[in-house]
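You will see chain A twice below: alongside chain B first, and alongside chain C after that.
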Partner chain A sequence: MAETRTTAEIVAQCQALFDDLEFTHSRRWKEAAPGRKVVGYLPVYVPAEIIHAAGMLPLGILGGGENLEVIHGDAYYQSYICRIPRSTLELGITGKFDFVDGFLFPSICDVIRNLSGIWKLLFPKVYVRYFDVPQEFTDDVGGVYYEKELQELREGLAHLGGRPITDEALRTSIALFNENRKLVREVYDLRARTPWLTPTSEVYLVMRAGMVVPVEEHSALLREYLAAVQAEPRPMRDNCRVILNGVFCEQPPLNLVKAIEMSGCYVVDDDFMLVNRWLLDDVPTSGDPIQALARAFLHRSAETAAKYQPDLAKKGQYLLDAVRDRAAEGVIFAAPSFCDPALLERPMLESRLEKVDVPHIGFKYAENSGQMQPVREQAGTFADSIKLWSSP
Partner chain B sequence: MTQRIDPTRAAGVPKAEVVKELSMLKQKDMIAGNYEALTSAPQTGRKVASTFVPGNLNELIMCFDLLNNLPEINAIQNGMRKVSGELILEAEKHGHSEDVCTYVKADLGMMAKGNLSPNGKPLPRPDVLLLSYTGCFTFMKWFELVRDEYKCPTVMLHVPYQADGQVTDNMRSYIVKQLRETVIPTLEKVSGVKFDIDRLRGYLAESAKAEDDFVWVMESAKNKPSPIDAYFGGVYYIGPIFTAFRGTPDATEYYRLLRGEIEERIRLGLGPITPEGDMKEQRYRLVVEGPPNWTHFREFWKMFHDEGAVVVASTYTKVGGTYDLGFRHDPRNPLESLADYCLDCYTNRSLPQRVGQIEKYMNDYQADGLVINSIKSCNSFSAGQLMILREIEKRTGKPGAFIETDLVDPRYFSAANVKNRLESYFQMIDQKRASAHAA
Partner chain C sequence: MVVTAGIDVGTGCVKAVLFGSEGGKTTWMGRHLERIRQRDPYQLAEEAFEAVLAQAGLPRKEVAYVATTGDGESLTFATGHFYSMTTHARGGIYLDPTTRVVCDIGALHGRAIRTDERGKVLTYRMTSQCASGSGQFLENIARYLGISQDEIGAISQQGKTPEKVSSICAVLAETDVINMVSRNISAANILRGIHLSMAGRVASLIKGVGGVEGTALMTGGLALDAGFVAALADSMAEVKSALVVKSHPDAIFAGAIGAALWGAFRHEKLRARGLGGAAGRAA
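Take a look at the complex of A and B:
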């Protein structure tokens, strides 16, 4: 039996994975057996089950973060485009992805959509797929389209891997990802109940680890983290409870999350790395696995700016539900600069919150934003005002 | 063929007296007529659909007797009339970020300020938003925002992206099914008019006629000298076919007239008409990628025609369909044809396809170079344009220029910068030529 690690030790491991722009852990996984392949993907959602069922490692790519110096990437993007595509290109051009055999670019926005084309031109030898998802959510229309898209992805990956992806393998992978999503939800639930035990700067790192390690390993890590935090008392502070929204693609620097926490906020829900809880319930492990994944997407998946909400009455409802379920006292909208999806979505969400008197603030960031003082001040004032108004 | 009119009344062409050809007058009447029909809808009882230019389903909309209101066109009109700046500020005042697409903000600002059409009368509330989602994600957010305001029925037509440079059966049948199962029933319900596929076929046949002449017009720029400017002039030529007129006899007539006028120009060896009269010397033949700036449209154009630069092909004139690549609306396969139309609009084409298309233009039109007008607002166009520039320079050996402006936000048009950039670019082409001669 392995020795029990402390929360600090677990988080230190996750921090090391986060800091490592060489993706050493993923490289080692690949080198550990001949013929292994790695498939990278960008936000916001891909069915990682299919990559896993192909025997490959799904590698979540979230840009280069605050420590990457972008030199080449800037030559490909104008100043008024967000930073994630340029830092991702920087990683590509400087060989950091030289072990990655395929890339999936999900349909989240025009920037990532077009990055798929840049990638094809710059790296003609790797498997590149733009992963489209339906914006029509009935089984017979969007469902049929999406199932065929999933089949095409399955075939593409089977070709890349040189072996078919069986239904059985898919079901096994679905079960493993169900387990992972369940654990992710447990961490989120625990954080909402006892946010002082699970600071978001830690939870974030633990979730980020899931982007670069195999799902089985990540599930073990989540279990370990859940046990460790519950065994270690930590002081409860008089913080207010907020939801962080808009951080689903380009990531804010970790220091921004820390600044929000230090200013007196507990983040009790967020939309970081939605891929790990995009599907809201367990995907059935019997029957046709492709259809099961499709139906889960159509009927039981998360909402975000990149997904159409056909029903006006339901627009933004997920956020109101989260405010209620997580007992949040306010919402902090943080969006990457120049991010059309997040910034255009924000006013619609704000108006929903205003109808039910939920306070909110908003700011923009870039993955390499350095100055945290303004954020700390803004979030601090926000927290103070919430506490003032909610005090008896 | 030509007559003089008061150009200050022509949409977006202010100032000095210019020569107007019959096609211009015809288009002006068509636009004015559509705005009149829209703004009088509350009196006439006609129903209104709002929809976007790329992938617009004008023929289908007409099958339901709906009027077609295109918010991008309103934004362009407001840009050219120099009122978009204040509309954008209005939207920003209401909490919209300075970072996002300015078409959206010009539209929302216009709604907030009484929704006045260029004829000075308010545009009616739309009865339906037809969210045909082609080539740009921002469209989806845009109509979600508009829906928030009007709370009217909204129907989505999701058009998959041509990422691998081809249209698959799956994409096509997904669109056809959406048309059959959601778009058409919604439009029937809103309009109270039963769908008649033969009526649609009739409109599509009419579209195809105009499309033939339209392509002929755009390809006339292969002549030397070019009788047209395929960008600054091109934005007028695309007017009818990209908007509320495709499928009408008016559009067919417009392109017939236009073609006749251009045939005449070729016969006489004339260059394009600019706001300052016929363009004389043509020193540079250019391909332009990206939409124009509308707030300083004339000034921008002047920077080209003053230097003898004529645009022989442009990608912006393909956002509402890539007819020059062979597509025609086809009455024999009406819904499939609408699907194919939507799928192949320029910004729905993959980046490698766009590069290939531009390269083809550079060769087919014997261009001296590529100018990219990169638009701050438009991620759909702009993200990846520096890659396009590199590829085109590499593949053709011709120099490229990169300028940055915006669509309708006057804050992002720096005339001095653009002019400097273009002047040094033209010098670069001269130098290339000189060294080619020397070699």
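Take a look at the complex of A and C:
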């Protein structure tokens, strides 16, 4: 019987994966069998099922984090651009991705789109694809387009891997990712119910591990974490319940998450790394798998700043729903500096919250922000104002 | 009676208090102050909590809410944490109900906090990161001059021709002081000059939170420095402020007092929502 690990041991493993900018775990996976390939992807969503069905490892690339010094990357972007493309370039130029065979750049914003062009120029021997997703959500228009986009991706990866990607392989991968998404939802639901058992600084690391390990391994890790945290009592604090919004692309430093929690907030929902929470429920494992993935994207995917909402009346409704469903008492908007999607979305979301008297604060960060005192100050006073002055 | 504890983990000292609340009346049941002196502040906080419990003759389980403030967020036995501005404002109102501005000058920073009569923070101004407006800087200078902390206030008030120091940078200010010593400037005039320089900064902070009447109550470690309180009163008179600068013998406990009282308030609020005891008692 396998030895049961404690929460601390599981989180320590995830922390080590998080800190490792050499991506050792992913490299070892590739080296474990001849012919294996790794395909990296940037935020905010790609159908990792197709990469998996090609027999490849999907590798989530979320920038260089707080400990990477950016030297080369700054040469490619002007100063008023966020940090994630610079640190990603830094990792690429310094050879940290020398084991990665392909890169997908989703259509999150112009900066990431342009990064796909820079990547093609810098790394001409690597498979690079700008992965464009529809902003029109009917089956006949956006659906037709997106199915073709998925099909092109399927063919591109099949060419890279030297073998076709069968429907059966796709269905198997969809089932594995369904299982993973179900476990991710379980962790998020558990955190919303008992946030003192599952600090977000831990949940974040556990989710982040899923960016660099195979999905099967990550699902096992999630099961292990769920069992461990529920077996270890932790004291409940009198904290207020908040939702963290705007953190879906460039990631905040872990200390920022810790600062928010230490200031008296339980984060009961967030939009970190939406790739594992983008599709809201199971993708059908019968029928045409490409069509199933396309329909899931069109009709059952998360609403965020990265997705167009044609109906203004529904703009921000997802956040109001989350506030209600998670019993949140406030919203903390944290967005990377110069993040167009998050910062342009924020005023619209704020106005929706104000109409229903949900308190909120906002600040900006970069992945290497070091000074947490202002965050502690804002989050601390925000938590106090909710705890002391909210009604009743 | 609802018993609550407040624990303020500061940069220089750990303060703990115990309060009982019943029918709108509060009773101060215990207090303990410990200088950190390079020891583990969390261990000291636990000992301080035990000390106030011993004073009141109560076991831990009788405490309905243990509230931390300052750097005490990670104390494992706490029920909740309040930010230091929130607690100093409430503590200031407890110590002097006429308080409308609290000046919390601690070891590493200074703040002017404008409050209403309930202790609700309305606005605030804070010193920047430089330490030249802080108690730690003053302690360092006193040590260089061979003066104990307890003597600073009395000696400063003897200074008749104070020498101003840089109010911007602690490093430059220390250089200023070295120059003064080499020019045979008396310790009294040096300390008075530092007090006036720091008071000028604090007066600017107070001015920044709005022109109100009432009491500007000093809290934090420097509230006990009579020389600084006198210098601040002079600086406030210079800027023609209607606020009356005061200190209080228990001013150093203001943060811990505010934490304990907000803890009682919060406990009542949770109880009204049917969540009494939901956020655990002291373990």
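The rule is short, and it goes like this: the second predicted complex is superposed on the first by the 389 of 392 C-alpha atoms of A that agree within 3 Å, B and C clash if a C-alpha of one lies under 4 Å from a C-alpha of the other, contacts with A are read in each partner's own complex, and residues count from 1 in each chain.
The definition used in the following text is that contacts are C-beta pairs under 8 Å (C-beta built on N, C-alpha and C of every residue); 3 or more make two chains touch, one makes a residue touch a chain.
Only a predicted model underlies this, so the values are computations on that prediction, with no experimental measurement involved.
Asker: Superposed on chain A, are chain B and chain C clashing or fitting side by side?
Answerer: Aligned on chain A, chain B and chain C fit with no clash.
Asker: Using centres of C-alpha atoms, tell me the angle at chain A that chain B and chain C span after the overlay, to the nearest 10°.
Answerer: 100
Asker: For A:262, select first, second, both or neither according to whether it touches chain B, chain C, the two together, or no partner.
Answerer: second
Asker: Looking at A:236 after the superposition, I want to know if it touches chain B, chain C, both of them or none. Which is it: first, second, both, neither?
Answerer: In the superposed model, A:236 contacts chain C only, not chain B.
Asker: Going by the contact rule set out at the top, does A:148 touch chain B (first), chain C (second), both, or neither?
Answerer: After superposing on A, A:148 lies in contact with chain B but is clear of chain C.
Asker: Would you check which partner chain A:109 touches, where first means chain B only, second means chain C only, and both and neither mean what they say?
Answerer: first
Asker: Per the contact definition in the header, classify A:380: touching chain B only (first), chain C only (second), both, or neither.
Answerer: A:380 contacts chain C only, not chain B.
Asker: Applying the touch criterion given at the start, work out whether A:347 contacts chain B, chain C, both or neither, answering first, second, both or neither.
Answerer: first
Asker: Of the two partners chain B and chain C, which one touches more residues belonging to chain A?
Answerer: Per-residue touch count on chain A favours B.
Asker: Is A:388 in contact with chain B, with chain C, with both, or with neither (first, second, both, neither)?
Answerer: Touch partner of A:388: chain C, not chain B.
Asker: For the combined overlay, can you note the least CA distance between chain B and chain C, rounded to whole Å?
Answerer: 19
Asker: So in the complex, the part of chain A that touches chain B is made up of which residues?
Answerer: Touch list, chain A to chain B: 75-78, 80-81, 85, 105, 107-111, 113-118, 120-122, 129-130, 132, 134-136, 138, 140-142, 144-145, 148-149, 152, 305-306, 308-310, 312, 315, 335, 337-341, 343-348, 350-351, 364.
Asker: Taking the complex as given, what residues does chain A use to touch chain C?
Answerer: That would be residues 235-239, 262-264, 376-377, 380-381, 383-384, 387-389, 392 of chain A.
Asker: State the interface residues of chain C toward chain A in the complex, per the touch definition above.
Answerer: Answer in residue numbers: 65, 73-74, 76-83, 85-86, 120-121, 262, 265-266, 269-270, 272-273, 278-280, 283.
Asker: Flag every residue of chain B that touches chain A in the complex, lowest number first.
Answerer: 94-97, 99-101, 104, 133, 136-138, 140-142, 144-145, 147-148, 151, 154, 156, 158, 160-161, 163-164, 170-171, 173-174, 177-178, 181-182, 350-352, 354-355, 374, 376, 379-380, 382-387, 391, 404
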